[in-house]
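Across the two complexes that follow, chain A remains constant while its partner is chain B and subsequently chain C.
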Partner chain A sequence: MTPHPTVLILPVALPLLLGAISLLFQSMGPDRRVALQRTLAGLGLFANLAVAGFLLFWVLQSGPQAFQLGLWPAPFGITVYLDTLTALMLVMVGLLSLLIYPFALATIDPERAQLGFFPMMLFLLMGANGAFITGDLFNLYVFYEVLLMASFVLLTLGGTPSQINGGIRYVVLNLMGSMMLLLGAGITYGTLGTLNMAHIAVRMVEAPYTVQALIAGLLLVAFGAKAAAFPAFFWLPSSYHTPHPVVTALFSGVLTKVGVYSLFRVFPLFFPTLLATWQPLLLTVAGLTMVVGVLGAFAQPTIRRLLSFHIISQIGYMLMGLGVALSPSAYGVGFGLALAILFLIHNQLVKTALLLGGGAVELEMGTGKLSELGGLVHSRPLQATLFLVAAFALAGFPPTSGFIGKLGLLEVTFAAGQWPIAAVSVFVSLLTTMSMIRLWQSIFWGKPRLAPPPEVRAPGRTLWTTTPSAILVAISLAIGVAAQPMLALVQTAASQAIDRAGYVRTVNPALTEQERSLPLGIQSQPSERAGG
Partner chain B sequence: MTEIYLRLVDRILTPILLLIAIFLFLRGHDLPGGGFIAGLVAAAAIELTILALGSTATRDRYGPWLAPLLGIGLTVAVTAALIGMAGGGFFLGRWIQFEVAGETLKLGTPQLFDLGVMLVVVGMAVTYLLRLSEAAEAATPSAERQEPRP
Partner chain C sequence: MTALMLALLVGLLFACGTYLVLQRGQIKLVLGLGLFTHAINLALFGTGRLTRGAPPLVDGESVKAAGSAAALFARYADPLPQALILTAIVISFGMTAFIVMLIFRRDALTGSDLLPGELAAVVNTADPFAEFTLRMQLPEAADDYDLLQYELDELYDHPEREVENARE
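Here is the complex of A and B:
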């Protein structure tokens, strides 16, 4: 079975088309418009997950695939590249947004829905999918901008003063990250004369160390800022607690994870040697991200503020995986990256489950302040159980996906001889456990301090808000219990992500052959390129 | 209402600017120009109307079209990309040629895409300008504002 390679563009084209159509009916009455947009968004999210699942199936059957937009050959046209890592991320983001959709249906207020919540969800999905699947550095930047626009609208939808405040910090700090990315792309084009990622992979290894280090540093800062890694994480805790809880849950599964994905994609492909020489730097950033995140979480007074600091802390584990991505281990080179991918997937599941659970509590009780909540285990035993399992999964207890991820990461870091970061990560896990138990206790344990407002006790709504987290927790447990198939899957993903020759061969085999006749831009015509 | 010279300028210049926008749009196929810049010029033309007639009258004239324009433009642009899909590639360029009064005219998906861009830009920019002048008019005390003549 070989489908036409044009289907590779569907993860971008489908949400874009449905989002555009749902903007067509702005002159209609608000109720009918919202009903239509809701239907289109549900249709789009469902179709997107179906496409993503099909792409994963296809890539597992017949290996990585590439497609050139407009059929222009590789360095000239815009490349779309799909391998197992891309397909896994497409499936994960598709799954999360589809699971968040019923929660949004049940809880989003009519005002936000009328302002265009559902089309924006589609545009956010389009930006994330585009950033995953593109094979062109400049287009990666463009899709980050799409993400930024859509997320900024979602963040400020409703227009309360705290939202505007958080939104401005979010957009300013993220624009700085985008500028770094644009600068990195510009310098890449100025020195290597190409923006196609396969072509960059061919030319980057021949570039002088200064050029490599400059571009790698800029991209590390840019993607690090997007992923909320250590020095540039301020935007996340100052904005994530302001919007509607469903928006926070959507962001935690999508936004920071796109930054982490880009690091996983770009570093093994462009800078395989720097991954080894910069290992101390990467591991330091990872350790600081973990520690700062978890310590920040202890000081937080509300559910969502606390959980957003844990997002940062968990990003540190993924960076730790990136740091040991290519370290040799008993399971072969690339096992570190495989576990980092597994941890990324685990974190998307568990974090979204926690934020959905916490968000449901916040919406039903009318407050997210830990000092005012308590004793909810009596009225909501199911929610309390789900939250507890998800909290232990986040801390890394067996038999959840978090245990597999953390155990594997520890094994690789020990094998690489990086015991300080291993010690830090164990210590941070301990602190995470303490913090999560404290959070669970103050929400669900003890005596009820606050009677829930009677108008939100409709049983139908609880079903819509609990089922998504139940499914997410179930998947996390399933990964933890049946780890072997999942490990095999992420190992395939990692081995394809570090296979630079395979990437270039899939995009365009001619790229390597041209190099003998086409010297590097930095050596040949500096004046001409400077003019352009 | 506002000064008579502004209304005169609007009466004369706005149609000319809109024609220039169409010219720029068509020129953009092979030469500098294109949908984005044409959209901005068209928005500038409508801004003249806002200055001459005030935001209320302008919103009465264009208002119902503004919000759907974004959707229409995006749909047109995506359609242009999807037409290429029929030929085997997303965004694959496809052209048709026909003779009009001895001249060969070329129409194709790049122009359709550009048209979508133009519509989005017009919709965005005019919405933005209208909101700005509405905010400015609301901030001006009504005594200073010149009320429309009956």
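Here is the complex of A and C:
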């Protein structure tokens, strides 16, 4: 049975609908409002994961799918495009937000819940899903703004001075990134005459190098700033430690990863030649991101500040994968991208597990300062074990998903002859291990330095906060032990992501033929554009 | 010529926006971001070819009359950039409102819980490290050094005001 392609817009429509409905309850009494919003958010997150899982199943069965909104043929309407990479990201973000939900139920304070935490979670999900599934550059910008607006609210919800302060930095720097994206989209339209991603893919290869470089540079800056790559990463460490821990965990799994996804989507599709010629640039950015992130982490005094810097450091590995995305290797072209995708998924799992574990400690002990914590292994053995496994997964120890990702990435960089970045990445792994051991030691090892706060938590609460990390760590271990199915999956995703002809064919086969009859491109009409 | 003027204007707006964003004041930041938005909207406007007095509609007759596609585009105005600009304006309006609220909120918060007397003393000494010494001595409540940094920056901009407060 083939479903109607309209289901492709469900990942956007479902959270939007439920989020809008839950905002309607805002006028009710506080208790009823929160109860209703909570229920709707739970239903929405569950349904969203079900839809994402179904889409992944569908795309694995019958290949990439596209749907034209309003049934306008491809370059004129807005296209929604689904391939394995998109479906994987939808499933990952759906899974993470569903797992964060019980943690939020157990820990979010009534004030934040009343101010609309749960509807905002749905809107964040809508923005992320939209950015994954859209096939139109301007539409991508719009979904980024939806995502950002929801994240602004989540970040500043509660309104403590440090939140407001971090919020201003976050908002301003992300706004600049969005403006670069908008400018990139505008220049794409001005030079190539189209905003449809399949159509851009057709025309971009024929454009002169200057146009390609300009658009690629703007998009790289825009998505790099969203992904917190060097040198535009400052917004992340100055804001991520300020909101409620649940929000930090949600952001680490969703926000920066959307930026990385966009790079993975746009670069192989639009600029296959630039991926080779700009390889030194991409690898330099990747190396600097890794080193700056991990060195910054050493100087941090609290759990979440330290983990925020590790987010940046790990983004460097994904950029390294992008740098060698199309390099030839023993496993064929595109293996680099496949491993970058695997690493992205691994990082989403492990980083969220760490931030949930660290956040639980911070909430239960009332402080996240490493100098005040210690000896928690005696009272919380399960949390300590989960945190340790996740920490080693982040550092890349076997048998976790981090080992598979890092080993594969090293193999591809060696095959591509990029020794310096391989050396840097190994060195950064070592530093990551040291930093994570130091973190674990200061939280869990030694003598208890701080008595737990007098109010004893209900036993149900620990269960609700620990189970999500346990599931995430279990998935990471499962990927590490039985890597083959996952590797096959990401290889399919990568081969579809680099298949430019396939993308265009899925969206609209007529796009390539139109090129011959309609002289819209820049080369054909240079005089037309200059005229007044 | 029009295109050149437009390009120069966009460049000028970008330059002024960059200058304003790099300044210390919060209102300058908001104004700088506003100029950036205008610059990008104008750049978007320019991407649709600058035509004057041409309709944004194409029908079968005009295609026949024009003869070739190239001739058709000369007598046709592109409506799409204006739709894009409209979207961008709405989004940037929302964002600006949000930033203004954040800044307002920060002013309301910082006005109450810092120590103007001590800070004013720091600004008035000749010791360049006085600021760091003060930070070391600050109690736990002022842990967020970002906030402190902002407050000190404001003081450097208007030291006389805080001295007045301290005297009172």
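As a working rule, the second predicted complex is superposed on the first by the 519 of 532 C-alpha atoms of A that agree within 3 Å, B and C clash if a C-alpha of one lies under 4 Å from a C-alpha of the other, contacts with A are read in each partner's own complex, and residues count from 1 in each chain.
Operating definition for what follows: a residue touches a chain if its C-beta (ideal position, glycine included) is under 8 Å from a C-beta of that chain, and two chains touch if they have at least 3 such contacts.
What you see is a predicted model, and the numbers here were worked out from it, not measured in a lab.
S.K.: Quick check on the chain A-based superposition: chain B and chain C, clash or fit?
M.R.: Verdict on chain A: chain B and chain C fit.
S.K.: Which partner chains sit in contact with A:156 here, chain B, chain C, both or neither? Use first/second/both/neither.
M.R.: After superposing on A, A:156 lies in contact with chain C but is clear of chain B.
S.K.: Please work out whether A:19 is in contact with chain B alone, chain C alone, both, or neither, and reply first, second, both or neither.
M.R.: The first partner, chain B, only.
S.K.: Tell me the contact category for A:70 with respect to chain B and chain C: first, second, both or neither.
M.R.: first
S.K.: Please determine whether it is chain B or chain C that touches the greater number of chain A residues.
M.R.: Partner touching more chain A residues in the overlay: C.
S.K.: Would you check which partner chain A:27 touches, where first means chain B only, second means chain C only, and both and neither mean what they say?
M.R.: After superposition on chain A, A:27 lies in contact with chain B alone.
S.K.: Which angle, to the nearest 10 degrees, do you get at the Cα centre of chain A between the Cα centres of chain B and chain C?
M.R.: Rounded to the nearest ten degrees, it is 50.
S.K.: In the overlay, answer first, second, both or neither for which of chain B and chain C A:9 touches.
M.R.: Touch partner of A:9: chain B, not chain C.
S.K.: Is A:142 contacted by the first partner chain B, the second partner chain C, both or neither?
M.R.: A:142 sits against chain C, while chain B stays out of touch.
S.K.: Touch check for A:39: first (chain B), second (chain C), both, or neither?
M.R.: A:39 contacts neither chain B nor chain C.
S.K.: Between chain B and chain C, what is the tightest CA to CA spacing in Å in the combined model?
M.R.: 9
S.K.: Taking the touch rule as given, give the residues of chain A at its contact with chain B in the complex, in rising order.
M.R.: Within the complex, chain A touches chain B at residues 4, 6, 9, 13, 16-17, 19-27, 67-71.
S.K.: Sort out for me which residues of chain B touch chain A in the complex.
M.R.: 64, 67-68, 70-72, 74-75, 77-78, 81-82, 84-85, 88-93
S.K.: Can you name the residues of chain C that touch chain A in the complex?
M.R.: Chain C reaches chain A through residues 1-3, 21, 29, 33, 36-37, 40, 43-44, 46-52, 69-70, 73-74, 80-81, 84, 87-88, 91, 94-95, 98-99, 102-103, 105-106, 109-110, 113, 144, 146-147, 150.
S.K.: Can you list the residues on chain A that touch chain C in the complex?
M.R.: Touching chain C: residues 138, 142, 145, 148-149, 152, 156, 159, 161-162, 164-169, 171-172, 175-176, 179, 182-183, 185-187, 189-191, 238, 517-520, 524-525, 528-532 of chain A.
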